[in-house]
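As written, the chain order gives the labels A, B, C and D, with residue 1 at the start of each chain.
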Amino acid sequence: MSKLSNRLMKTSPIVISLVSFVLAILVSCVIMLLCGYDPIFAYSVIIEGSLGSVRSLTNTLIQATPLIFTGLAFMVGKKATLINLGVEGQMYTGAMVAALVGMTPLPLPGILHLLLALVCGVIGGGLAGALIGFLKVRFGSNEVITTTMTNFIIINFCDYLVNYPLKAEGAVAQTNKIVDGALLGKMIPGYQLTWAIVIAVLAALIVKFVLEKTRFGYEVRAVGLNMKAAETAGIKVGGVMMKAMLFSGALAGLCGAVHVTSVGKRFISGFSPGYGFSGISVAALASDSPLGIILAGIIFGALKTGAMYLNMMSQIPTEFVSVIQALVVIFVSAPLLIRALIGADRKPKKGGRSHAE
Amino acid sequence: GNGGKQGGTDNNGGAANTGDKQLKVAIVLSTGGLGDKNFNDMSYDGLTQAKADFGIDFQYVEPESASDFEAGYRQFADAGVYDLIIGLATDQNDALTAVQADYPDQKFSIIDSSLELPNVSAVSTKWQEQTFLCGVYAGLGTLSEMPKANADNVVGVILGMDNPNLRSGVVGFEAGVKYVNPECEVLTATVGSFNDSDKGKNIAMSMYNKGADFIQHIAGASGLGVFNAAKEADRYAFGVGGNQNAIEPDYIPATSIRNVNEMVYNEVKALVEGTWTEGVKISGLKEEAVGYSNEFSNVEVPEDIAAVIADIKAKIQSGELVICETEDELDSWVSSNQYTK
Amino acid sequence: MNSVEMIDIVKQYPLVRAVDHVSFSLGQGEIHSLLGENGAGKSTLMKILYGMTLPDEGEIRVNGEPVKIKSPKDAIRLGIGMVHQHFMLSPVMSVTENIIVNHEPRKGWLIDEKKAEQEIQALIDRFHFNINAKAKVQELSVGEQQRVEILKAIYRGANILILDEPTAVLTPQEVEELFVIMRNLKKDNKSIIIITHKLKETLAIADRISVLRDGKMVESGLPLDNVTTSDLAKMMVGRDVELNVRRENTNMGEEFFRIQDLKLSERGVQVLKGISLSIRKGEILGVAGIEGNGQTELIEVLTGLRKADSGTMTMGTEAIHGDAHAFLKHKIGHIPEDRLSRGLVAEMSIEDNLILGYHDEPQFLKQGLLQKKNIQSYAEEAVGEYMIKTPNAREFVSSLSGGNQQKVVIARVFKQNPDVLIVAQPTRGVDVGAMEYIHHQLLRLRDEGKAILLISADLDEVRSLSDRIAVIYDGRIVSVQQAEDTDELSLGLLMTGGKEEHHEQAV
Amino acid sequence: MFSMSIPLILAALGGVYSVRSGIMALGLESMILTGAFTAAVGSFYSGSAWIGLLCGILGGMIFGLCHGLLCIRYKVNQVISGIGLNLLATAASTLLMQIIWGNKGNSEAVASVNTKLTFLKDVPVLGDIFSRQSVLLIFTILVCIASWFILFKTPFGLRLRMVGENPKAASSMGIPVRRMKYIGVLVCGALAGLAGAYLSIDSLNMFVRDMSASRGYIAIAIAILSRYNPLNVLLCGSLFALCDAVQIYVQGYGIPSQLVQMIPYIVTLLVLAFGVKNIQPPAGVGKYEDE
């Protein structure tokens, strides 16, 4: 018995993620049935719409791209005990800075111009993140408030910029277009997909490497798990937190920069449907593993693309897909609930070491 | 109103019917999606009407943000079965431009935009003409004997979000007010959200407390709070978009109408009748596409005001009066344009 | 009739069977000492009795009645009270609040604060605990917090009292006071279980003993007649243990680590009032004192965790300053007094903990990259060398028993071969076997010529290891003497500020 | 201004109960939104605004309970649970609105509480301001004061705080830790639900999609800023609403609205950086009694 339960405890994260995903889908089937819709039809449409053709596959990857970035950004903060709800604002900063650089005609070859825009976006996002870290370290300001507040401030400020000083000709609140050379190239002609997804995957690999293999990663873990012990061991806790926030913000900034240089082609007011917050769900589904985040991003991207297709093909409200997403997040983060539901919960629970993170 | 959406796209049945040459139309809605009782709902109603009248089939997609427009267009264009793809509003210009290049043979219509592209029909509307007549109404009403008006010469406009489009609605309203009542003070404020009805209400209340008696909202669902405030303060508020007068018929004297449904309907009609052409078409007060409506309102328009409104409407339709478009032009426009019988 | 009987109890954790078919009985009005090495399962067994952990199998009887104890609430109702090895207090709440919670005197709907405070103060006075009932727990020293823990159980009027290592942080005098209380309680026909690693104490207070080894009961309810400490140690460890490790020092070198006139204020109160000490190479200088007299702050200053307001520290001829990292780089090793809060990252692996603070040594880190292989083999080596009881070095430190956790800290620091060692409470809560080991290691380092500052509340430890002993009282060093010249009584008096400061001699 | 503070204060107070019991309250947004929705539904079907109010409270409590079950029983990371529930509430309320009213934007008009403090009309000076306020204002103030007594002066409050500070210690004192936490999140849900109900059927007479409009997040900020003290909540909530009122007042003086709208957030940030520093949540937040 005990051996069995041990094995369940150990192998769980992936299995649990899978099981909870399936469970979320089953539960939403039930809800759909209750609302009088045909779930099998709905899911076949979603799958077709997200994976069924090159077009839908590329759309899925386009949707996945920002989610991977923001998932990574949130996760990096969390590792250092910081709940970075400011990913959205940091992403806006990165997007705005990158758009500014990108739309300014510079005597540079396109690729360098693009690189410069991305780097500036990363710096912009990173600084926005570091500001949170600074307030935390210097004044002990709780990051949940500071990020919430800076989100409002940054988003409003960007909105101001695109409505007044940086507004492009015309009736839309947006900046001028980024010069053609500084846009990310398309991966397949005729499709919207750009190299952005590759950058996202690279970012995930880099994050994985940094967290597992470097001194910074080690210090982040120590600080995240026991700040006092880290301090005693000569680790500069404040510095590590600042760096973690800088890193997290930089990833968010990269998200924004990549977005404006690919899908957006310019900074458009309200370009984000809350990518920053979706990142939290993505990180949750991936149980904070960088590679998992790629997969989770793609899964959520597929759901979103599928939702649009569902929207096209049927009467079923797209909110169903949001319900599925929410259920996935909740179930995935509740391995104990899953165990209880699938009955693997016979014995252990009390005192059992919680699953390795 | 709407609500009768269930009769819209009947997917399962639709698939069976496609044997004959049923026309297929697709629409990429604006962000905010269905249920906004405005742009999106009205477009939907237009298509529903077209479906009933011409037996077309239509499908729609509700993008979550501006980032999803292009994907929406491409999904439809790629399917290759749609005779016309309709888009809404200038913020889709970029997406449409990108997609049109890849699908040069696909017909597109875009409502409320003046995008010039091959095979694209753009129906351009004028915000300033939409709100102007309600502005006139407010300018005259605020000093009138209307039961809920007061002696202060103050009116207001409330925006959902501050963006260039909605600002030209403000300009139109303010121009209307000052055209007939140059001394009138026009308060403006922004909610910062299209869904924050409570804040909309609070802002409206503070305007009413400052002496305003007519408020034009351009604030989506936040505007519902404005109506509520009108009721509570016993003042007036104008609707916007679809006819909203029935929501609070005793407090909403009129709506600054925009007949998006008709514009959409007309595009489909042109398609059916084979008269669809590319190019920019203007849809303003003259075309009766935007303007003033007091249908369904219980508020009685004083006869003199009604007469003036009718008179001004005629002037605009005849081209005698051209309304300014931006804040910068407003002051000089007002000083050079004053209403005289 | 026995007041408690635990029959055939089993508790399986995912990787260890902490309690393996154990039966245990506690007589009415007796003081029963539970012995065992670190990780033997003592705390687990007691937590089962107190309802904090549920057993997988077995039966419990209280006063002859079979009972189900599913939560501490059940235990409290049955008259069982427990003082935990790891404190169960809320630092931001007052002493009174911590004690009365869930047992509050009321005045209508509200807490009768006045009455509560009076009751608690009376209790404090009765046991001569000398703490302020209104003080926040975070303002108290560890020893004082321990007393609050004891008060919690007594306040609830427990008939059966479990004390899990209550003396680990008390001075000899305090221990004696506690024993007086325990004897009084015993007279009231209360039954007491005490867990302690100090065998002398066991002999002094217990009526019977039970010994756990590896989760199994190896001696059950043995009366304490003609038993010596060495016998006890042998029962626990299963072999002979050398309890008095004192070895003569032959290798004392020149003066090496020197601190001069350190002063530190905290919230306007001076906590270090000009401390000067110096340690030679190959010398252990013991600092004895009751918690709360500046030890914690002294340690923090000496390890770079805090900056002194004034004063200097020198190693050889070199002045040292900077932060904790700089101190570590100066080869000043630090064994923190509280392993769980300062010493270890419980949710990291043993491996990762073994390099904590030294993770930037070239051995573990090249160009900013951690050298996994080196770290692994280093950890395996350390686990073997320091006999850390664990299935493997990738386990979380949180799964180790207290003693083994301490070994991880010791191994980490000792293996890095520091020149100066600041050692605080190195054997707190560590079993005799491990204690012997740690003591040997300390002496080995001393003989290798390290300068060691040993801060401990355990007078026996200080006396048996140190070459010289300083006594700290109220932020001052009130005496420094050769270890041979000291006796327990006079040290105890100095520690409580009892004697005039005629011994003072700046070194 | 007062009316704007009501939902913020109620929700923030809910947050205080939740955090004091050791459960982070990032799900406040979902509780407000659900409260707003169920209140409208209740009022719609019963025709009575008071039943609607009750439904709003219950709706908030249901989400409170979900958050509780997830965090307490299933040990879900509290941030994730909160965010997940926020997602769920937005999606589910829109969906149900579509099903009940055939519209995703807003509900039909329903009975509204809308009772003002008219009896204060004759009080000089204050009467003029207060008689136009909702009765919920008085309730809100009273609840804050009562909560202060409950948290700091009653046995229940002491136990709740102990659970939040150190669940293991609380458990070892025989306090039913889980039950206390459930009470914490349920009270939180009830108050946040009431805040939502205020939005939908007191301030307005219908449910509007996403009408909580980030109030949950601001309420969390207020709860933290108040150091989880109900009296401070009253103060900070009013301060925030005051800034918002100033913001509205300043609009229309030629400064772009986006800049003006930043005022409340900047003030909060400044207060945080230079006013109340180093706010520590209860030490036991996110911890369990049996680890």
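One rule holds for everything that comes next: a residue touches a chain if its C-beta (ideal position, glycine included) is under 8 Å from a C-beta of that chain, and two chains touch if they have at least 3 such contacts.
What you see is a predicted model; the values in this text were computed from it and never measured.
J.: Quick check for the class: compute each chain's Cα centroid; which one is farthest from the centroid of chain A?
T.: C
J.: Which integer distance in Å separates the CA centroid of chain B from that of chain D?
T.: Measuring from centre to centre gives 35 Å for this pair.
J.: Between chain A and chain D, what's the gap in Å when you average each chain's C-alpha atoms?
T.: 27
J.: Taking each chain's centre as its mean C-alpha position, how far apart are chain C and chain D in Å?
T.: Inter-chain centre distance comes to 45 Å.
J.: Residues of chain D that contact two or more other chains, please.
T.: 94, 98, 104, 256, 258, 261, 290
J.: In chain B, which residues are in touch with two or more of the other chains?
T.: 6, 33, 162, 192
J.: Where in chain C do residues touch at least two different other chains?
T.: Within chain C, residues 53 contact more than one other chain.
J.: Mind giving me all the chain pairs that touch?
T.: All chain pairs meeting the touch criterion are A-B, A-C, A-D, B-D, C-D.
J.: Once bound in the complex, which stretches of chain B touch chain D?
T.: Where chain B meets chain D, its residues are 2-6, 33-37, 41, 159, 162, 187-190, 192-193, 195-199, 201-203, 205-206, 221, 224-225, 228, 232, 247.
J.: For the complex, give me every residue of chain C touching chain A.
T.: 12-15, 53-54, 56, 303-305, 323-329, 334, 336, 341-348, 352, 356-357, 359-360, 365, 368-370, 372, 396, 398-399
J.: In their complex, what parts of chain D are in touch with chain A?
T.: Against chain A, the touching part of chain D is residues 26, 70, 73-77, 79-81, 83-85, 87-88, 90-92, 94-95, 98-99, 104, 214, 217-218, 220-221, 224-225, 256, 258-259, 261-262, 265-266, 268-269, 272-274, 277-279, 281, 290-291.
J.: In their complex, what parts of chain C are in touch with chain D?
T.: Going by the criterion above, the answer is residues 50, 52-53, 71-73, 75-77, 82, 84, 87-93, 97-98, 100-104, 106, 109-111, 113, 152.
J.: Inside the complex, what are the residues of chain D that reach chain C?
T.: 149, 153-155, 158-159, 161-162, 165-166, 168-176, 280, 282-284, 290
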